[in-house]
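The following blocks contain the structures, represented as structure tokens.
Two complexes, one shared chain (chain A), two partners (chain B, chain C).
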Partner chain A sequence: MKAIEIKNLSKKLDAFHIDRINFTVPKGNIVGLIGENGAGKTTTIKLMMDVIERDSGEVRFFGKPLNKDLKEEISVVYDEINFYEKVDVVKINTILKHIFKAWDTTRYFGLINRFKLPKNKAIGNFSKGMKMKLNIIIGLAHSPKLLILDEPTSGLDPSARMEMLDLFLEFIQNEEHSILLSSHITNDLERIADYIVMMHHGKIILQLNKDELLYRYGIIRCSEKQFQRIPKNVIFAYQISNSIYEVVINNAPGMKEAYPELTIDRITIDDMMSIYIRGEK
Partner chain B sequence: MDIFIKKNSQLPIYEQIVEQVKYQISEGILEPGSSVPSIRALAKTLRISVITVQRAYDELVKEGFIETIPGKGSFISENCLVFFEEEMTKKLEYHLQSVIKIARQLDISIHHVHDLLDYFNQGGDSDEGD
Partner chain C sequence: MRGLVMKDFYNVVNNGLGLFVMMLILSVAIVPTQGFLGYLVAGTVVCSMMSTTSFAIDNNSKWEQFAITFPIDRKDIVKGKFITLFLFTMIGILLSIILGSLAALIFQSDILQTIGVKEIGQMIIVGISVALIFGTNSIALLLKFGAEKARMFLILGYVIPGAILIYVVDKLQELGVIFTGEKLNQFIYLLPILVIIWLSIGYTLAVAIMKKKQY
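This part shows the complex of A and B:
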């Protein structure tokens, strides 16, 4: 069963267009949607949730198109807080328990205490990090089965980011729970994501099991002469700087065996994205 | 079960888990029949992906070191030590075969290899020179 299934989702916008996007979020997993700022991650999420009207394509949650009941089971956390600046944490609870059927006050205040957020301070005076934490806590407190987070760790310092990763891993202890998480900070996703979906200029360029990506792909640093000998079908992307070729290949174990003399290094998601974006395909 | 992950190792994380579980079985730290954490719980403890632990467990199940009982969880299998011995025997055979291969390349007689084995077995100088 798939938590999210997206087929040929498209939308023409002024600046760019989302072009026939396909990807899935399997139930019980964390999927990382990565790409540079402006790649179309936020737009994709808004299209999925019918916040922006799509031109064509299909989006299914737990096998069904989005409807009112499903919305109760899905939490979407955007990179901004949508509350009136003068309310505080206690007031938010009072408001939201009337809006969400499954609002869990105990869980809400449990998390507020755990992350040491002040209860009676106007949220307008919260730091960016505190606002983000509050956003995520609100997302979890209405007991969703699916959590969709847009850049949830971008305003947070490293220790706060680690706390959030723990929170996400706690959430998926229940096999019925799934997470779609967009980010340009690939370090976090490299740790906890099960699948990686890479996006660039409104298109999906790659989607893969994270371990496959990290261990099947690799990077060769070599001269032009050596580059000419690399079979074209294993090259994902490459760039040339100071006459050194940096080549992302899609079959590192095979290449190690066939060309033991080549320098083949492990790859990071960052390397892969930046060589794809700035290099040749 | 204590597993420690080296982030910058050449060895993929799932292989590190497999190796450490086998090591702990061979050392008697993990005993036959003892329970191991669920895939999700271990992923959370180690702060890594569920699929990474899943892959490690799949491999351990396939090789017979772990058994999964639906609804009850995963356990170190009763026959884990037999499987460990089998694997080590295979390893030994593999290394002996490479010894013979190298000896042939260097044109060293098998009798000389025997002599070398005896010599090392009686505490002759090893590479580390301890």
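This part shows the complex of A and C:
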């Protein structure tokens, strides 16, 4: 069963084009949607949720097209809080319990207490970390089956980020739950994601199981002469810096066997993304 | 739906002190010069305009892109805005009666004795009607152009209906229609029907705009 299934999703905007993207979020998994700022991650989420009208393509949640009832089971958390800065945590509860049928006030205040958020302080006086925590608590308080998070950890200090990641891992313990997490902080995704979907200029350039990705892909740092010997079909992307070739390859185990003289390092998603974005394909 | 209206109410009431001060100043400025009845209409319209403030707040907090992901229809967002308009119009009537009466007692101690209940009732109808008609125009304009761009058009939203009304009255007078007190009374009692028609057209238009809106 797929929590999200996207087929040929396209949208032409003024200076930007989401180009026939396809990916799935399998139920019970965390899928990391990565890409540089402006790659199209937020636009994709907005297209999925009908915030922006799509030109073509199909989006299904739990096998069905998006509808009002289905939205009860989905939470979208943007990278900033979408409430007026003068309201407080208590008022937000009053507002949302009249919007979501499954809104759980006990759970909401339980999480508010757990994260030590003040109840009667205007949210405009919250720190960035507190606002983000509140945003995620709002997302969890109506017990959704699917969390869609858009850059939820950007701007947070490492300790707050870890707290958030723990919360996501706690959520995913229920096998019925799934998460689509868009981020450009790839360390977070390496830590918790099951699958990685990489976007660049409105296109999906890679989607793979994270463990397979980290196993199959590697990075070779070599001279130009050594670079010439690397088969073109294994090169995912490369960049030259200070005459050193940094080559991301998509068959590290095979290359280790065929070219034992080359040093193939373990790749990080961050390396992979930055070399793809800045380098040659 | 209720949640959407509560959200607007909380947001706008946070600026409640400003509204109250403005209503006080208006009462001091209008009641002694234009009278209690003039203040009833002006105060109601000013208070109803607070509903349009909610659009600016929504815009700043990017509320709509969030609300669309809720289990609601886009037309519910529009419905919520119209209910908020109605709510603040009613608050406007109440505040105007209270503050206007106080101002009248202070500045024109005998004025309340000289105004009949019928006249007050008629002015309440006029105040509510004007507030709802202008508010409807504002909602449609704010949805179409957004809180920033719509500011300029909002003035037109008030001026154009006023100009049309003056033009129609002039034309009718040219055609020999004399506006007697009785005719004006009849017109005031017809106003609610005009408002219902205006609201229906405005709501339909606003829903159509909202359905196409992208955030």
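Just so we're on the same page, the second predicted complex is superposed on the first by the 281 of 281 C-alpha atoms of A that agree within 3 Å, B and C clash if a C-alpha of one lies under 4 Å from a C-alpha of the other, contacts with A are read in each partner's own complex, and residues count from 1 in each chain.
As a convention for this text, a contact is a pair of C-beta atoms (placed from the backbone, for glycine too) under 8 Å apart; a residue touches a chain by one contact, two chains touch by 3 or more.
Just so we're clear, the structure is a prediction, and the values are computed from it rather than from any experiment.
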Superposition on chain A - do chain B and chain C clash or fit: fit
A:169 touches, of chain B and chain C: first, second, both or neither? first
First (chain B), second (chain C), both or neither touched by A:69: second
First (chain B), second (chain C), both or neither touched by A:191: first
Which of chain B and chain C A:85 touches, first, second, both or neither: second
Chain B versus chain C as contact partner of A:211, first or second or both or neither: first
Partner chain in contact with A:97 - chain B first, chain C second, else both or neither: second
Partner with the higher number of touched chain A residues, chain C or chain B: C
Least Cα gap, in Å, left between chain B and chain C after the two complexes are fitted on chain A: 27
On chain A, positions contacted by chain B and by chain C: none
Residues of chain B defined as touching chain A within the complex: 10, 12-14, 40-41, 43-44, 47-52, 55
Sites on chain A touched by chain B in the complex: 28-30, 162, 165-166, 169-170, 172-173, 175, 191-195, 209-211, 214-215, 266
Contact set on chain C toward chain A in their complex: 1-4, 6-7, 10-11, 14, 57, 60-63, 65-73, 212, 214-215
Chain A residues within the chain C interface of the complex: 46, 49-53, 68-69, 71-72, 74-76, 78, 80-87, 91, 94-101
